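This structure is in structure tokens; I'll ask about it shortly.
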Amino acid sequence: MTDVALVAAPGHDDAALGVDPTTVLAGVAYANPVFTASGCAAAGQELAQFFDPSLLGGVVTKSIMLKPRSGRATPRMAETPSGMLNSIGLQGPGIDAFLERDLPWLAERGIPAVVSIAGETAEDYVKLATKVRGRKGLTMLEVNISCPNVESRGQVFACDPAAAAAVIAGVRRASSVPVFAKLSPDVTSIVDVAQAVVEAGAHGLSMINTTLGVDINTDTLRPTLANVTGGLSGPAVRPIALRCIWQVHAAMPEVPILGMGGIRSGLDALQFLAAGASAVSVGTAVFGDPHAPLRVLEELRSALAHRGFSSAAEVVGIAHRPVDARVPEGADPPGDLPAETLET
Amino acid sequence: MTDVALVAAPGHDDAALGVDPTTVLAGVAYANPVFTASGCAAAGQELAQFFDPSLLGGVVTKSIMLKPRSGRATPRMAETPSGMLNSIGLQGPGIDAFLERDLPWLAERGIPAVVSIAGETAEDYVKLATKVRGRKGLTMLEVNISCPNVESRGQVFACDPAAAAAVIAGVRRASSVPVFAKLSPDVTSIVDVAQAVVEAGAHGLSMINTTLGVDINTDTLRPTLANVTGGLSGPAVRPIALRCIWQVHAAMPEVPILGMGGIRSGLDALQFLAAGASAVSVGTAVFGDPHAPLRVLEELRSALAHRGFSSAAEVVGIAHRPVDARVPEGADPPGDLPAETLET
Amino acid sequence: MSPVQVQGEVLSIRRVGDYHAMTVVAPGIADGARPGHFIAVGIGGPDSAMVLRRAFALVEAQDRGVYGGTVEFVFAVRGRGTAWLAERRPHDPLDVVGPLGRPFQLPKNPVHAVVVGGGYGAAPLLALAEQLRSRGCRVDAVLGASTGERLFGALEAKRMTTAMAITTDDGSVGEQGRVTDVLPEMIERGADLVYACGPMPMLQAVAELAAAYGIPAQVAVEETMACGIGVCMTCVLPVRGTDGVTRMVRSCVEGPVFHADQVRFDAIGTVPADALGAPVVTA
Amino acid sequence: MSPVQVQGEVLSIRRVGDYHAMTVVAPGIADGARPGHFIAVGIGGPDSAMVLRRAFALVEAQDRGVYGGTVEFVFAVRGRGTAWLAERRPHDPLDVVGPLGRPFQLPKNPVHAVVVGGGYGAAPLLALAEQLRSRGCRVDAVLGASTGERLFGALEAKRMTTAMAITTDDGSVGEQGRVTDVLPEMIERGADLVYACGPMPMLQAVAELAAAYGIPAQVAVEETMACGIGVCMTCVLPVRGTDGVTRMVRSCVEGPVFHADQVRFDAIGTVPADALGAPVVTA
């Protein structure tokens, strides 16, 4: 018989205890670099059934809008190879209910909140930032600009550097905490959009939001999603996310990045840090494994320890530097490289 | 003991024999809608060890350039969840050797050739089209515009509607066979690029080329690919490919599409036809299963038969039409829909 | 009661008509599990291209015994995930999360109930019928399916009910027809309430009948789910609250069991114009 | 001889030190298989997130017998694909393509050969040694590895060679050191040619030694492969042709066995500036 085991907090790896996991995003220190992803953890309550969310770097809440919102018709999701499409349509209770019910829940438990906001006009975003301003528990704003701009024929803000910059400039003025712009990969040049929002005042960047996809139901021969298109997420998009982060970090190494897109393991998270992210969000992986964020954190700490690093911070962006320029002190280079490639 | 079997041409499904698989791309009739994908079948010789390529709709050859080309340094590939990255860098023998050795091989065997051409300048493409013009076996040109334009700071042709249109206009003038422009999904609006190349004279569109990605080696903490970035392909990108085809077919239903991106089964191919492709290319799947193109064809024919269709042509774009407007004659609607959802 | 995630082990799998019945050693899940709860099963292991769990109603959950806690469920092979599941063999590992959702509400008094199951929808009704009986309720049952091979639990149901009717679309077992053809007769025997689980059109028809007879009904719905734990918002359907307001509610945490008269069956698959936050104008 | 694709079945899997040795019933592959050929194995089935095959050198291929054709290979667990393979059990299905590549070239005359294997690189050398012997060659062997657990085939090699030396990095078995520490002595016993398989740095060192002694060497290289059948161009390395021109050649179809003096070891992992079609300016 194989072992049957209750999955709880993953077992601590002693070596991992020597690793300093803290990370700093635009001046705000977090206990570690693993967060939930917006829209994949609601506001933390449900995950608390499985593990203590205060063990994470923080909880990124589902993008909230000014008013209650019903979202789109069902079916809202389709599983695809190593990923899924969703077209939730930002269903949510609206900012007032969120501030009354959800944010206090996080604040009371000492869980750092990254509040994600979404609007239909640049003005919406400013109003949202103003409403959230100064609330207990709030540590950072993540501005979801992958929303259609109703004032510009539904063109998505994130696909238009000028519109994206306008949103960020307004939010920046209204916010007392760091402002991270969440970018869409569905653009010809993500570096252009990144530069525009950073110039407009973004303290940092979240990358990536989902990439647009379609699935056709092979029985009905109609799109699987009621909304036809949906956002692709999960391990399938990991190389795209890493590419975006790589490009933007190469162009603007000083801008902090919260990375996401297909992270399912500690080694995945390590890839994101090495590509230039200072912290990561775990999204779709939660649906397959409700313990995923905590497991990713523990696996990441072990992976860092076994590679001879004493902190998470020192690997941020390390993949941009040649190998011989950066062997950490006391390391066992080259990490887990199979002995086979070294022998005789 | 399970059955051990030699994999040869997949067994014919009798019902599938009643399905007319022919397809027409810009006036050229092909025996069926399943092709190889450029760069995933060389020029057909190697696959002939496994099955007779003349059973396919045609062979799309590896993009050929004017001169011999060494390609990029290794490692040139990384496996990713349900996909892979490649950075081959268009290694090839150059057009003269191709015309002397590879195209005749296809022509002698009666295998319809779709010749893919790639250049560094708009002029390169015209020269290539001129060289190929009138060659025996040539049925269509696929113009791979996902190449850096050396005259425009390495900006990829396919990411700039004007540059893409210039290439296509030149090729169109030089070509005696239909010209298909192969588009990259890495643009803010694929419909804009599609419109530009169609206005410039493209008879049809091939979609999609790979999408740009990065993988980090978690042992060396350096990019896995020597070239850092590579093109993502395989089942992971299928929803992106279907989305591109959906959008372009919705905007320009009269433009024929050769669809590709993650096709591994007949049902995958069916999704592409339903989304608007008149034919499909099977690429990365060949690496996992050298019989894949032929298997996909047989599975597609069976799937069409079991859904009551008498031809492949009638499902092209069908997903854009409401279900009640298009039940084919003699069909068993709703196909393979699980009886469970219909009972009591 | 809070759900747990367990690395379980397949104890047995057997065919039941067109279905597969699987028992999994998964200690901890049974604690607090009640009829109507469901579990979510991981598919294919860490290298699988299938990243989402599959939801199944609990047929039974035992919190102790030789194997130290087991769960049983029954499933139809529909797509790749259930095909994979059907290939599992005893001793194979299986990752299970549960118990999930809100179970059926039991009446405080020993009333007369009818349970109505369509296909594998009978799965959660067997344990329910047993609990109703142990509370002194009279339980009648109507089970239906497209064919006899897709009837589930008829023998067990027969044992624990006072009256039972079976319908199949093809008439291969029981009466030819649908559960709603025989349900009126069952209700007329004096039923106080109805419990139903099965395909949405069946639930809608049952809800309409119960309403016509003026008795309450509880229905367990089946909506496509990505997470099963309330964090993704994929599994919603329009439900009218006690305040009269229709909301798109998550069937995984606020369901799968709902009061039939609150479900907006007419509007399933849409966002009704009068729903809170409707209409959807943008992303 | 043309490769075939076979839905095979695992006959046995056993640990050999740090490695796993697997025998698969896969009729058809053995026809025409020669030492140095490799096979490519499908990983994880149709729902696997791993879409590419894994390449392994043939240890042995039998084209008949009780099981009607088997292949044997030995592998180290490196990443997820080989981890999956190590979990296979007898009767599990396994999709195998082979024989692939170009095998070792055998001398026409009964010469004196040395085979040099590093780690599992010894795999294709055992059958090679046997064939050399059956042609009247004298065969000596040098096997090396990081540790004794990573030596493969030492017993078998001992049986079929005249002289044999073993080296390990940690000295746990044989002499402490590398194969190239003892290879000169072996060559000096009168070797006419060298065959080698193992990690690239070892092959390079062996090639240099053979060149220094003025005898030919054949090396079986290992490059990352996506297709294994010559259609993808991922597996290239710089090889100087008989015309003196360096080309990036596919190791899956033009290799994995090459004449050592033609491989541009100094330039592995790069495109040397003098290669045909270099330098790469664009996509």
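For reference, chains read A, B, C and D in written order, and residue numbers begin at 1 within each chain.
The definition used in the following text is that a residue touches a chain if its C-beta (ideal position, glycine included) is under 8 Å from a C-beta of that chain, and two chains touch if they have at least 3 such contacts.
Given the structure is predicted, the values throughout are model-derived calculations rather than measurements.
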If a chain touches subunit A and subunit D alike, it appears here: B, C
Chain located farthest away, centre of subunit B as origin (C-alpha): C
Pair exhibiting more inter-chain C-beta contacts, A-C or B-C: A-C
Distance between chain centroids, defined by C-alpha means - subunit B, subunit D (Å): 34
Whole-Å gap separating subunit C and subunit D, where each centre is the average of the chain's CA atoms: 56
Between subunit B and subunit C, centroid-to-centroid distance (C-alpha), Å: 44
Where subunit D touches two or more other chains, by residue: 46, 49-50
Per-residue overlap in subunit B, given as positions that touch at least 2 other chains: 81-83, 234-235
Chain contact graph, described as a line, ring, star, complete graph or other shape: complete
Residue ranges of subunit C touching subunit D (in the complex, touch as defined): 44, 46-50, 80, 84
Residues of subunit D touching subunit A in the complex: 49, 76, 78, 118-120, 144-147, 150, 167, 169, 178-180, 198-199, 202
Contact footprint of subunit A on subunit C as seen in their complex: 2-9, 25-28, 42, 46, 49-53, 68, 81, 91, 93, 95, 97, 223-224, 226-237, 247-248, 253, 268-271, 275-283
Subunit A - residues contacting subunit C, complex: 1-7, 39-42, 46-47, 49-50, 62, 67-77, 79, 81-84, 86, 88-92, 94, 118, 120, 146-148, 150, 154, 156, 226, 234-235, 264, 284-291
Touching residues (chain side subunit B, partner subunit A) in the complex: 78, 80-83, 85, 159, 186-189, 211-216, 218-223, 228-230, 232, 234-240, 242-243, 245-246, 262, 267, 270-271, 274-275, 303, 307, 315, 318-319, 322-323, 334-337
